[in-house]
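The two complexes that follow have chain A in common; it is paired with chain B in the first and with chain C in the second.
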Partner chain A sequence: MSFELVVAILIATVPLLVIFPSLFALTTWLERKALARIQNRRGPNKVGIPCTRIGLFGLGQPAADGIKMLFKEDIVPNGADRLFHLLAPILALIPAMLVLCFLPLDFSFVAVWDESIAKDIKAVQGFALDGAVIFFFAITGINTLSVFMAGWASRNKYSLLGGMRAIAQMISYEIPLVLSAVVVVMMVGSLNAKEIADAQMGWNWYVFTPWGLAAFIIFFIAALAETNRSPFDLPEAESELIAGYFTEYSGFKFALFFLGEYISMFAISGLAAVLFLGGGEGPWVAVYPWLAVGWFLAKIFSLIFVMIWLRGTLPRLRVDQLMAFAWKFLLPISIINILISGIAWHLREQGAAVTAGVWGVSLGILYVTAVGLNKLNRANVKPREYKYAE
Partner chain B sequence: MTPEITFWVLAFIAVCGALVAVVRRNLIHGVFALMIFFAALAGLFLLLLAEFIAAVQILVYIGAVGILLLFAIMLTERVTGDDGRSIAARGWFWGLAAAVAVFVFLLLPAIQEADLPESAQSIQPSVKELGLKLMAPYVVTLEVLALLLTAALIGAVAVAQGAEVNKKEDSDDA
Partner chain C sequence: MSFLGGGIFSGMAVTLRNFVGSYFDPDRLTTNDYSWRPEGQLPQSAGEYPREEGEQLSDATTVTNYSRNFPMLLHDGGDNPMDAIRCVACQICERECPPQCIYIEKDYGEDGKFIKRPAVFDIDVSVCMSCQICVEVCPFDAIVMNSQFELSTPNRFDGLLLRREDLLKSNGYYHRIHPEEAAQRDQRMAEEKAAKEAKKKAAAEAAKKKAEEKARAEAEAKAQEETGDKEEEAQ
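What follows is the complex of A and B.
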């Protein structure tokens, strides 16, 4: 391995390992502030520069939280599986960090001094893999295992219930997630993340087409469920399960779970940005190539902000509602969406009149399907019977 | 040089994972060891530049088969996983004999006969080639397989639902 190759690998990977964990710190602050604003509170506002009274809007809070987590006692419950209790938070972080390399964050502009290093960097970038999108979905699936591992190793019934819920939920929502991504993959004819982003150059974002918009909404909902975000945070429903699968975790192991969850949020928002929002495309990218990274992160952050907003707005779903929504609503509508996009692909580039017709018809079909499925599902809902409570 | 080191590391992990999966009495530990084996295998596929098969290996074997195993264990009585009872391993001699026989009479001749290339060769772009092959010459096979799997899926649902309906009727009678 030559020195240049090592440098190239470092430039391609280290920014990912630095940027996203620091963004995690910022996001926890943003989330607490935004939730506080929604709930008419002030949120963190005390911790700023140490030994002064400068508050900086509480921006020091993530650092204080981090120090607190480090110094907390690490408790392993009696009778827990010590090995798996230790491995679960590590396993939660590894896939989350790993999938970041499949997002087309191109740092080759860093190597302005040497053309050959820029070429080397391009050669080691994960998103240029031919099946980057498949790899993304394959590796995010491993996240489920860490949740199960934590739930099982804790030897606590609430943890185990949380772990079981997490598996059932993640398996159910992975299907609409992948099926909505299939629409874009079909349209582009490639699984390469870079090619998908490049195909949307010139503001041809897939979110601006009827099938793309439908797929984007399905993808976003399924992504919320995949990352255990509210309103799908049943695995950690504190009113029922204390804290779900990480009930028995404290100190830095808990922080690792937290970090893994947020990094998964970044990763899946990044994939949504690649598939539907044109990746790093934005104004002035052609002039300043480094702006692509900035736009990409801005898109990720807007999606994260919507996630926070939803968390402050929506109540949590019930388990049966959660499953019914995935299998009886999202799955049929995403299959119909694939059919529509297949037809639209065959009728592309045949004049404005045909395009307008296809758009109108597909919008109509999607609307009718959504309304029809909603009606059909409501007709089947019986009043809930409570066996053990009144 | 580097691919060889990677191969030996991955092969070592794969063998260790498989061994632990067989030897451990704790079912959940066994399943996770099996998953380590699958992951190492996916790494070996990557080393052969078969990236699509590597991705599918992770997706299907770790993501689907492994989780199915965990689900199955969760539905049995031994949720805790540890089981003091030893499994009667009387057939170990014949098992070993069968394994050796397969290795000597099937694998070894195949390895010796095969004309292996010096280094891995990638088909560029491999996923696209695979897709074109599946859609053009093998489309009938693919459709028949899809039909078969759909039938199996519907059958599984029917079987599962039938059992539940029967149970409900039973409890209604009682």
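What follows is the complex of A and C.
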């Protein structure tokens, strides 16, 4: 392996390993701050520069949390499976970090001094792989295993219940997630993340088409469930299961779970940005290519903010509601969405009138389907009846 | 918003309003800890918390008029609140309470006759879930929600079991903490009372009329009888 190739590989991978964990620290701060403000509190505001009373809006909080996590005792319960108890948090982090390389973050602009290194970087980047989207879903599937491993190895009923819930939830929501991504893959005709992003150049984002909008909404909902975010955070429902599958984790193992969870949030938001929001496209990208990375991160962050916002808004679902929503609502509507997008693909580029007709009809079909499914699934709930009063 | 999923958007609008509002309106930040106390004088035990009726910790920790915490019992003034307690110990709230945190015993006089008031009325606030169902079902407007939140105590069993005496609050206190709701409730009670009295009056009048008619009919019958007698005599 030549020296240039090593440099290229380092430039292609190290920024991913630096940017996202540091964004994780920032996101924990952002989440606590945003949730606090939603609840009319101040949030972390004391930890700033050490040994002074400068608060810096609590920006030192993630560092303080990290130090605390490092120095906490690492407890393994009596009778727990020590090996798998150790492996689970590692397995939670690795796939999350691994899928980051399928996001089209092009760092070749770093190598300004050597054209050939820039070329090498372009060659080794993971998203240039044909089938990057398939790899993405295949590797995120391992996450389920780590969650169940943690639940099983802990020898704790709450952990196990959390792990079982996670299995049911993640497998159920993986289907609408993949089926809504299929819409975009069909329209582009490629599984290459770079080609999918490039196909949306010139503000032709898929979120601006009826089928793309429906797929984006389904994808986002399923992504919330896949990353165990509220309102689908049943595997770690603190009011029911203490902390779910990581009840028995402390110290740095807990931090690894935490990190893995946030990294997979970034990864799945990044995939949403690639599939529906035009990847790194934005104003002035043509002039300054490095801006693409900035726009991409900005899109990821706005999706993350919506996730935090939803966490501050919605209550947690019940288990039966969760499963019914996946199988009886999201799955049928995503299959109908695939049919619609297939028809739309065949009727493309046939004049503005045909396009407008297709758009109107597909919007109508999607809305009617959603309302109809909602009516069909609505539980027969009556107002509370008082037995003794009146 | 009435389209599908519109409830989520209106909920998100509420949270966004709070998110943005808390930066511009300092009154929104209700949890200003205990900064109103001089430094180094934070409360050391539960007894140090304000215990006066309706007293809140500071102006910074305001409780809005719409805040509800745990139920309280109402009385209509007087030196001895137990004489004016609205509760008649009908036990409807006890039976409807979902977590069953209310315990009521009826009061009996020396002659063993039921006096319409509770001898024991306990609410276990460690069990109460603040659902307000007792308030909804009470036909006597005797139980309403209190907004007092400072209930910390060093004793988690007896300390969190509120007795009848702890729960008794005057109607004036209710007007102070929930002015709108109390005014509405009083108005409704007055209307119901007026309606009841009107009905009673109407019933009394009807009874009177009936009695008069009956008397007239009797008098007529008597008169007829008398005339009949006379006729017989004449014959």
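List of remarks:
Going forward, the second predicted complex is superposed on the first by the 378 of 390 C-alpha atoms of A that agree within 3 Å, B and C clash if a C-alpha of one lies under 4 Å from a C-alpha of the other, contacts with A are read in each partner's own complex, and residues count from 1 in each chain.
FYI, a residue touches a chain if its C-beta (ideal position, glycine included) is under 8 Å from a C-beta of that chain, and two chains touch if they have at least 3 such contacts.
For clarity, every value in this text was computed on a predicted model and none was experimentally measured.
Of the two partner chains, neither chain B nor chain C is touched by A:25.
Contacts of A:386 after superposition: chain C is touched, whereas chain B is not reached. Residue contacts after overlaying the shared chain place A:374 against chain C, while chain B stays out of touching range.
Residue by residue along chain A, chain B and chain C are tallied for touches, and B comes out ahead. Of the two partner chains placed by the overlay, only chain B lies in contact with A:131; chain C stays clear of it.
With both structures placed on the common chain, the touch criterion links A:160 to chain B but leaves chain C unconnected. Look at A:152: by the touch rule set out above, it reaches chain B but stays clear of chain C.
By the touch criterion stated above, A:313 is placed in contact with chain C alone, chain B being left untouched. Legend: residue contacts after superposition of the two complexes on their common chain; A:144 is shown touching chain B, with no touch to chain C.
Of the two partner chains, chain C is the only one touched by A:41; chain B is not.
Contact residues on chain B toward chain A in their complex (touch as defined above): 2, 28-29, 32, 35, 51-52, 55-56, 58-59, 62-63, 66-67, 70-71, 74, 79-81, 124-128. Residues 1, 81, 84, 129-131, 134-135, 137-139, 141-142, 144-145, 148-149, 152, 155, 160, 164, 167, 171, 174, 189-192 of chain A are the ones touching chain B in the complex. Across the complex, chain C is touched by residues 34, 37-42, 309-310, 312-314, 367, 370-371, 374, 384, 386-390 of chain A. Those residues of chain C whose C-beta lies close enough to touch chain A in the complex are 4, 8, 11-12, 14-16, 18-19, 21-23, 28-31, 92, 95-96, 133, 136-139.
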